[in-house]
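Chain nomenclature is as follows: A, B, C and D, assigned in order of appearance, with residue numbering initiated at 1 for each chain independently.
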Amino acid sequence: MIAILKHGTTPDQAQHLIQWLKKMDLDVHLSEGKEVTILGLIGDTSRVDMELLNSLEIVESVKRVSEPFKQVNRKFHPKDSVIEINDQVKIGGGHFAMIAGPCSVETEDQIIEVAQAVKAAGAQVLRGGAFKPRTSPYAFQGLGAEGLRLLMAAKQATGLPICTELMNLVHLDLFADVDIIQIGARNMQNFDLLKEVGKTRKPILLKRGIASTLQELLMSAEYIMSEGNENVILCERGIRTYETYTRNTLDLSCVPVLHGLTHLPVVVDPSHATGKAYLVPPMAAAAAASGADGIMVEVHNNPSCALCDGAQSLTPEQFADLNRRVEIIREAMR
Amino acid sequence: MIAILKHGTTPDQAQHLIQWLKKMDLDVHLSEGKEVTILGLIGDTSRVDMELLNSLEIVESVKRVSEPFKQVNRKFHPKDSVIEINDQVKIGGGHFAMIAGPCSVETEDQIIEVAQAVKAAGAQVLRGGAFKPRTSPYAFQGLGAEGLRLLMAAKQATGLPICTELMNLVHLDLFADVDIIQIGARNMQNFDLLKEVGKTRKPILLKRGIASTLQELLMSAEYIMSEGNENVILCERGIRTYETYTRNTLDLSCVPVLHGLTHLPVVVDPSHATGKAYLVPPMAAAAAASGADGIMVEVHNNPSCALCDGAQSLTPEQFADLNRRVEIIREAMR
Amino acid sequence: MIAILKHGTTPDQAQHLIQWLKKMDLDVHLSEGKEVTILGLIGDTSRVDMELLNSLEIVESVKRVSEPFKQVNRKFHPKDSVIEINDQVKIGGGHFAMIAGPCSVETEDQIIEVAQAVKAAGAQVLRGGAFKPRTSPYAFQGLGAEGLRLLMAAKQATGLPICTELMNLVHLDLFADVDIIQIGARNMQNFDLLKEVGKTRKPILLKRGIASTLQELLMSAEYIMSEGNENVILCERGIRTYETYTRNTLDLSCVPVLHGLTHLPVVVDPSHATGKAYLVPPMAAAAAASGADGIMVEVHNNPSCALCDGAQSLTPEQFADLNRRVEIIREAMR
Amino acid sequence: MIAILKHGTTPDQAQHLIQWLKKMDLDVHLSEGKEVTILGLIGDTSRVDMELLNSLEIVESVKRVSEPFKQVNRKFHPKDSVIEINDQVKIGGGHFAMIAGPCSVETEDQIIEVAQAVKAAGAQVLRGGAFKPRTSPYAFQGLGAEGLRLLMAAKQATGLPICTELMNLVHLDLFADVDIIQIGARNMQNFDLLKEVGKTRKPILLKRGIASTLQELLMSAEYIMSEGNENVILCERGIRTYETYTRNTLDLSCVPVLHGLTHLPVVVDPSHATGKAYLVPPMAAAAAASGADGIMVEVHNNPSCALCDGAQSLTPEQFADLNRRVEIIREAMR
């Protein structure tokens, strides 16, 4: 970490700061220039509160030289992590997974039907919401525990592992048979929840917050890993920008950037990012081209509800077609 | 709510959609133009999933005409809400409060000293962090329950009501003697936490998420009120933008905008927004000029730690000086 | 266009507004609800100042139903536009172009060497900056007119058409032999410059402003077309967000969105968006998967300057490799 | 400037870079750590292309230690600049100016009437648009040269200096009698226009671009000053964020930040930032509290057009009331 002191800092003030830093077991290298004085902090700077340091009156700015994340850091773990789902499916290190299913679990028939359809079309994991985070308290909040039960029925019927969202740490016991626990974008910095799932050994799919930096995403993954759980999958799902034609802006360049920074696999969710079905296939294909380790996509199979045909969900046929193209693209990028 | 259908929508498709909407107990007014068809939805549209509707293939766009929030809405509650803190302090409806104190509770001596200093300088409420949300799992996470105990000692010593952050719903019992429960920016959409504090009758200070829209902030307040707790105070603390000279961008125009949309009081926190002590007085003064119902500011009193003089905290003297100016500005804006 | 009037608007106020709108040759349909009154404006609303209307005291909000752009609108021109470059190269409507070359033109040898190298590697158009927009007045501003002369030498040597940026309308005469005139992101709303290039019949590559909405991009294209020049190519080059790991955030979902809104071709520039060479191949591949009509990429060939090996430019070998992969991806997405 | 080299950079690569930097007349201090190597660049780094340096393969990141701007920099010019307008009005260094007038010049009667009204209400400068930058080519583009003539008539009638926007460098001759030339937000990085007004000695009001950083704003001011014109006034007018309740987000913390970085005066335009008349008085008052050197506000006086009463313009009465409050606030902040 480097701290640049303001022009006009007195030697006394600088010494005061240096003593304070040394108390944190850091070595401090002082290099004085004509216009600025630079402190180089050597040692374990992950404990230094960068914002506090930056807010000091004599400090012009602070810059990390080494990243504040450790266990997720590729520098200390150069090989790609491969996350194993229930001894069936692998994600990362060249293994690619299609995670598909409906937005919400509605009925047993619905979820089993969709599960069979997405399996036939090539999905490796079934997704479906039981606990749903909703902006409005008056909106449908999901079937809850009953939704989990229906997902288990679909798992039994098809053999597909299940990925579904946990919103509340008191519900963790209910997730014993869930194969991948999803932490949603709104809870990416719900640190107590992260610690709790960090104590399990289950695969965790951690979605990027709607306005989170990649460093914040990695620090949240670090929370999980620091509790002992190494099975973390990162998920890009669109960020908030000023543009309003799409629901969010899918940030695909984060895929190769994250692959440089961390050994953890990166999955992309184009359904939530774009909010429109016609945008899902091109953006899923683009995600595959960018090097993603998996794609999470909404698929439904509800012939009785013609309405849904236009929602952000693909039909099983569209999903099968997408799978075929993604396979070719992955081959082209090898 | 208005739904604009795409050019080329067939009468059958439109009728299908209309029947679906009518099942939600809505009246639907159809007005067909040459280029577009417009559906006007009349009734309780707060239950309609606007994103789902918007994602339908035949729908060009959707626009809410009436706001999705009810209990927080000024239309249905024209008079300003006045939140009473412990029968001592009022916020809103012309009542203004200065909430001051250190970033974190450290020791009993520290918190009592600061409490006495901010009280003497004009503060009505003491703030101080016991449970601290930290980006890094390796950073100091606050004194926790012990921090709450020290805050109570400061309350006893000075009589000042206490405002401190709750991060985890399982800790709620520990907050029995806290006067204002703060929900931090990162938990603004932790809906289960909102529901839980909604079941209490304590004043809740709800901070705007770092990239939350005003409507999302109001919907989160609605979560609390829909559980029966009417004592909600909104707090602007800076939003995330591309600008990097300040930690966040303080959005002061939200103060008069929120006053138009809701009857709830609005407090501004310039310390976290700007991250630099020298920016706090001008931005606190600007907050008062914009019509804020209170200001939340970091103040410390630690003569043994000369370092802290430059942090985002004001000294008690600077805080007293600010109070004097804010008083004049509030008078000028009456 | 729809205008929603505020609750409490008097009939007199509404009539006043309606009369004002009718003077603009618009038909106004009034529909009064219990909570709101809605005005539907029928006719040529492209002349209505939406911001002025929105700022009126009695107006709650305004929404366009038909887009404000006409000549660029796919609704009125359903077939893809195919832009012909110098009778040699086509862009759009299934025709794809690779536009490659160095960031800046430096010397005759340099530009001819790169031109030969990119041609051999599969480029259809040579790019290179002669007039360079620079944030600092002290930075190298490009070779100017001399740079244009060197580009012509490279064109003569290779037969490749030239694409280069125009910053100042008084320089237009110098661009007589340039094949594609580029309008840079900073000048996307330099309306007088747009009108000026609209009076030519040359292909114009219009870059999206760093924080421009897609609608603003299309309105700027409309400026060019409204002066009679139909040869407009849109170019996505990254937008400004809070994320700092990449220089800008490449918004690839704009490709299928723009293809829905307009008949004009869409090209993607991953070099400027990402600012790092290692991110260019995955993002160029992703752009092809998203349906782009072309890719604009920095390539250099400067064995004497080992330094440049790491800049945002690809080597000709990397570029040839990318071309091969892009071809397969385009095939997969057909 | 500091360049941090990547872990794994070979001594040869580092030496190569160092030689390249030394050719630019820079001293380079090398400090090698276990994990990173840091280069400190001493000398005139304003010519170093930071983006190019940052894009090099061996470079982890680059940080400026001294700002890239010189003539606008308070470090080299500690005293506030005071800009004199036509020997009548001063802005900066404790001098405050109210710049008021209509959005567009429409007729001679209109502009003279408004000029008289704002003068009576306390304005020091008359603003009014003759050349109008409009998103749509079909919208009213202003009266142009005729508008300038009408502004001169208003100047003659009232003695108020005139501030109006220049969009096109070929129009500069028409602005001979204009007292403050405004460069609009969309042209903040139209560098050729900046150079051209830099060759005059007229006061230039430079508006911050809609998504410009403060550093970019200062670099654009540097363009003007580097051509010899020291009369630059900076203007904050709202930035683009994800929030949609206001047209833009007024960034008031930029006022004290800019006062720290530069000696140039800072004016705030709350009318364009918010887009609604009811938000103008609180935000203008907040601007005064934040330390602004002037306020630019839309005022109209058009009793025949009841409609306009609700636009983003204030009436002369509202403007006079605002002036009175601003005076008290400025006194309180002294």
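Just so we're on the same page, a residue touches a chain if its C-beta (ideal position, glycine included) is under 8 Å from a C-beta of that chain, and two chains touch if they have at least 3 such contacts.
Just so it is clear, the model here is predicted, and its values are computed rather than measured.
Summarising the inter-chain layout, the chain whose CA centre lies farthest from the centre of chain A is D.
Between B-C and A-B, more contacting C-beta pairs join the chains of A-B. Between chain B and chain D, the centres computed from C-alpha atoms are 31 Å apart.
Per-chain Cα centroids separate chain A from chain B by 26 Å. Rounded to whole angstrom units, the spacing between the C-alpha centres of chain B and chain C is 39. Contact of a single residue of chain D with at least two other chains is seen at positions 211, 240-242, 244, 278. Against chain C, in their complex, chain D makes its touches with residues 16-17, 20, 46-47, 49, 51-52, 54-59, 68, 133-140, 167-170, 186-187, 189-192, 195, 210-211, 216, 219, 222-223, 226, 240, 247, 275-278, 306-307, 309-312.
Residues 211, 213-215, 239, 241-246, 249-257, 260-261, 273-274, 278-279, 282-283, 285-291, 325, 328-329, 331-333 of chain A are the ones that touch chain C when the two sit in their complex. Residues of chain A touching chain D in their complex: 2, 4, 7, 29, 31, 33-36, 38, 40, 42, 60-61, 63, 65-66, 75, 211, 240-242, 244.
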